[in-house]
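What follows is one structure encoded as structure tokens, with my remarks underneath.
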């Protein structure tokens, strides 16, 4: 604890943006069904969708001092990813910190804890995915770390990894694999468009994916 | 496991539709306060309300193969009711399967597990009541069963039972009792309209329902 | 159990209204970070914000009889605060009771249990903060108490205390401290406006709050 | 609600006892991996293991009146299976009711709610599997039903079904299938004994079950 | 926050001890079914049972400084009752603090958070009822309060109130009501002894409590 | 998915053993309060305490095939650490697999899912820390990975890391840091022995740690 890493690498901004446009489900599938944060991470309002570069915060329970430290490290296109060092639902973040983030080009917040001032954040169009909405205030007494690897809502996140988030939740993509995952995601999207047309025309998945024979082999019986 | 029942009976479509219009709270009361699914079953968007006929799916954890099998059994006016054979929050269902459902006249999904692509599903006006929103992908390796009786979110559901769902949650009505429950529900609605007028006029429930004497008998004291 | 207190004191209506306008986070901070109800208390629709005077209900599990008793005690500007005597998610309250509340000038409901008819309540603009949305019906067999002190969602509430509620949750202010808390809350809002301007201009919290020296003393290291 | 079924059929006592001796895991596997109650059902003390015939109780939340009604229906070898009609953790059952059960040859309690006096119950050797240990008292105001089909902790239970319970949890076996399941369970036990000897000798499951080829086909890579 | 109340009143030690011997279920019933802490409060080992006088601690999340402050206020026969000011599972207390408590005649700990060193505490015969067992360490940076009223696990506790705890959980008795509650508890125990004898002799609760007529009035039907 | 890493490095067996003897709380503190698995990881029986080297398993939900694959990689002194690729409580592991582990010198199991046959495992003295006890059977249809880094119950675990587990829970120590952490842990134990003697003699933590002045500076008031 007590470390701020100032120089971190980030993925290509174009790749980050394109991953955001693919969305969580597609990106998650494209990297072998890995990288999802837990299902309890909910957006404070629906409709937000983004790709962004992670600035990580490991914070003591009930202490949001490190958020101020982290914002100094934020560049345009970054998103804060906060994990408490033990489980906590306190409201680490509100409208003043969001104002500060927006002033620096920050894109949002992923927090395995609580957030508050959600009406203001919604009006500011500042997206947050959180474990809780809770007004509980925090102190500034104990240092944590910024831009260290951490586990957030069950997923391992390194500083500079790509965060993809939408109404389905949050997914992390390793910085080194971002381009490769994007390529697979785009291929997947193209493939899905074809499939969608066939489904719309009334074809069944059983036929589109040739499932009938294998189902019979596995012993499925129609009665 | 491994059975697909192809011919199931359904209730009268007019009855199903009318039950849907009565809504969950009224229908639940009209059948003796039974039939509710657990309170953790939430709609992915507010405002949807329906009555539909259940096509049931008993699916292995993390395996959505049976959804494809079930959709072939869907007729216009049906809704899928999926229970995993052990607790699971994976995203068994997304926009492609919803497209397939809509092409067949399917009305929605009740799932004691996860759903994904919720932004797309909302735009498609495809209603889902689920335990979780979670993008976690599933495999197609193990067979389950379709149109067998099962327990979904704490409620027993037979294939062909009537599902009523709205912003309050989900209620199941036995197929054989659908007409009788509808009759009681309509009577209840009529009765509520009268009560509502009296409440609007400022009368108290204490007087409308003649509660004062019985409260005194039970020992309630005003101080 | 079995007591209804008829004469309770209330705070000054102007103070109550002004506290409501300050919102939960500000009021909570202004009284030393106390008074919050648990984070699981969610509004049934977003955007509602109010200050109101508590009429409390201690109710048996699955029994909403006391709600009728309590509504007779409601004056304009009051809000019901219901705690079950043991944990329960049943739907104690629906649109008829809301109609009755509105007819008496009641402002809403805080309930550490379930609520139903949420689509109607939303259309009626009747705000509710609850633990659950659940249509489960209740009986009228056992008496509880009205206007006694109780614990609701982890917070101690006296009858006549001030309830502040918004999208962030619910906070209770002691009746005797309402004016003093309001004064601090208004001062806090004024202070926040100044801070907001500095954040918007791109200043960092590290500088606005003079944190750098103290962080160094605590051993924070930049690498 | 409000029905007591007095004549129910029971499985053969020898079969019931033998199923109990096989234990939960073996019985569950022998009926196609079905019948388990939820994992939150814990024994109040370790070491108890039994097979028994279900007398079911559907009880209102916070009301244990029906337990008294049910005990009159209990015969030697029976076990009570209680589900509340909505989620509840109250302590429906304590040492006096256990005394009454033992006097009638009752074997224990399965309860999707709370139990109390657990120190006494342990000393009396009266086994209980419950959702909670909670002293919260209950009332006797509202009738429920006895010996009707119900859902207990996620599993469908009919009166007269066989309950198998041990430190692993609780499993229900349909009365009509009890003999057939027992046969499979005994075969499974015999098979396991052979397997156990091979495992003890240091053989690997990979070889005992001939898994290597199929793993390679599925693409498993050793690096 | 930041207050230590040094002089608190305590109940009569004989009364406290006798309440402890009655146990949680009996005491809870004797004070009108009130005073229970939430069902998630578990003993770290079975068999402990006590009555003790509460020294309360309101502690910041993840900060156990106030435990040291509180122990100075402990007298023989006291028990610590700790509530975090926001939900927390950290391990505020371990074997060194227990050693300190025992040296001062302290009797145990009730904590709506975590405890650690439970093997040592068990060997020392130091009873703890907690929300969690969790080794997570805490800091000593922020002051809280000692001997102020607080809400612990859903129950309101004043300093000097009587704590009764056993395998069923924890119950609080108001200091001022301790003698009266004890009297009722002893009467209840005497009454239960008589009932127990009748149950042992095979009588039914239906007859002991004269329930049959009232059940019939409520509409219970035997079929 | 689908990878088995065969050659992993392990820490010095003497260091591993000594860390186990220090126990979870001491080791966790000695590495800067990091490395704990979530508090929901419970031992199936009390009293077990160990240090062991991690063989990791990333397994599909409801599929225990990889456990068989992993056991082939186990050496004397190893412990299995299983994380499902999505949340799951199924019983991946029972007495036959424990028999196989013991035959190879395996020391136990850490599993962020369910375990079964716990009575047998207890009699075999085979320790398990798990999220659930649940008999639910699993299939062998989908491959996962063995000896890859993973997140288990919120903690990042690499193959070859040291696992310390006791009644307080589970802690992971990076392989590379094992010796250094051990050194600190032993120093901490020595220091605690001195402290314990002073606490036993009745000294207060306030004096032993010189807290009084700093508490006054922070504003603590005695009244």
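We call the chains A, B, C, D, E and F, going by the order they appear; numbering starts again at 1 in every chain.
Methods note: contacts are C-beta pairs under 8 Å (C-beta built on N, C-alpha and C of every residue); 3 or more make two chains touch, one makes a residue touch a chain.
Since this is a predicted model, take the numbers as computed values, not measurements.
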> Chains shared as neighbours by chain B and chain D?
Replying inline: C, F
>> Counting residue numbers used by both copies over all numbers at the interface, does the chain B-chain C contact come out same (over half shared) or different (under half)?
In response: different
> So how far apart, in whole Å, are chain A and chain D when each is placed at the average of its C-alpha atoms?
Replying inline: 42
>> Need the CA-centroid distance for the pair chain E / chain F, whole Å please.
In response: 31
> Taking each chain's centre as the mean of its CA atoms, how far is chain A from chain F in angstrom?
Replying inline: 28
> Of all residues in chain A, which are in touch with two or more distinct other chains?
Replying inline: 33, 36, 39, 85-87, 89, 134, 136, 142
>> Under the stated touch criterion, can you name all the chain pairs that qualify?
In response: A-B, A-C, A-E, A-F, B-C, B-D, B-F, C-D, C-E, D-E, D-F, E-F
>> Considering only the defined contacts, which chain B positions touch chain F in the complex?
In response: 60-63, 85-90, 134, 136, 139, 141-142
>> Per the contact definition, I'd like the list of chain B residues that touch chain A in the complex.
In response: 2-6, 45, 65, 67-69, 71-72, 89, 91, 94-97, 99-100, 103-104, 114, 116-119, 122, 132-137, 140, 142-143
> Given the complex with chain B, which residues does chain D contribute to the contact?
Replying inline: 1, 32-34, 36, 38-39, 85-87, 149, 151, 154-156
> Where on chain D does chain F make contact in their complex?
Replying inline: 23-25, 28-29, 33, 36, 39, 42, 46-47, 49, 166-169, 171, 192, 195-196, 199-206, 209, 211, 215, 218-223
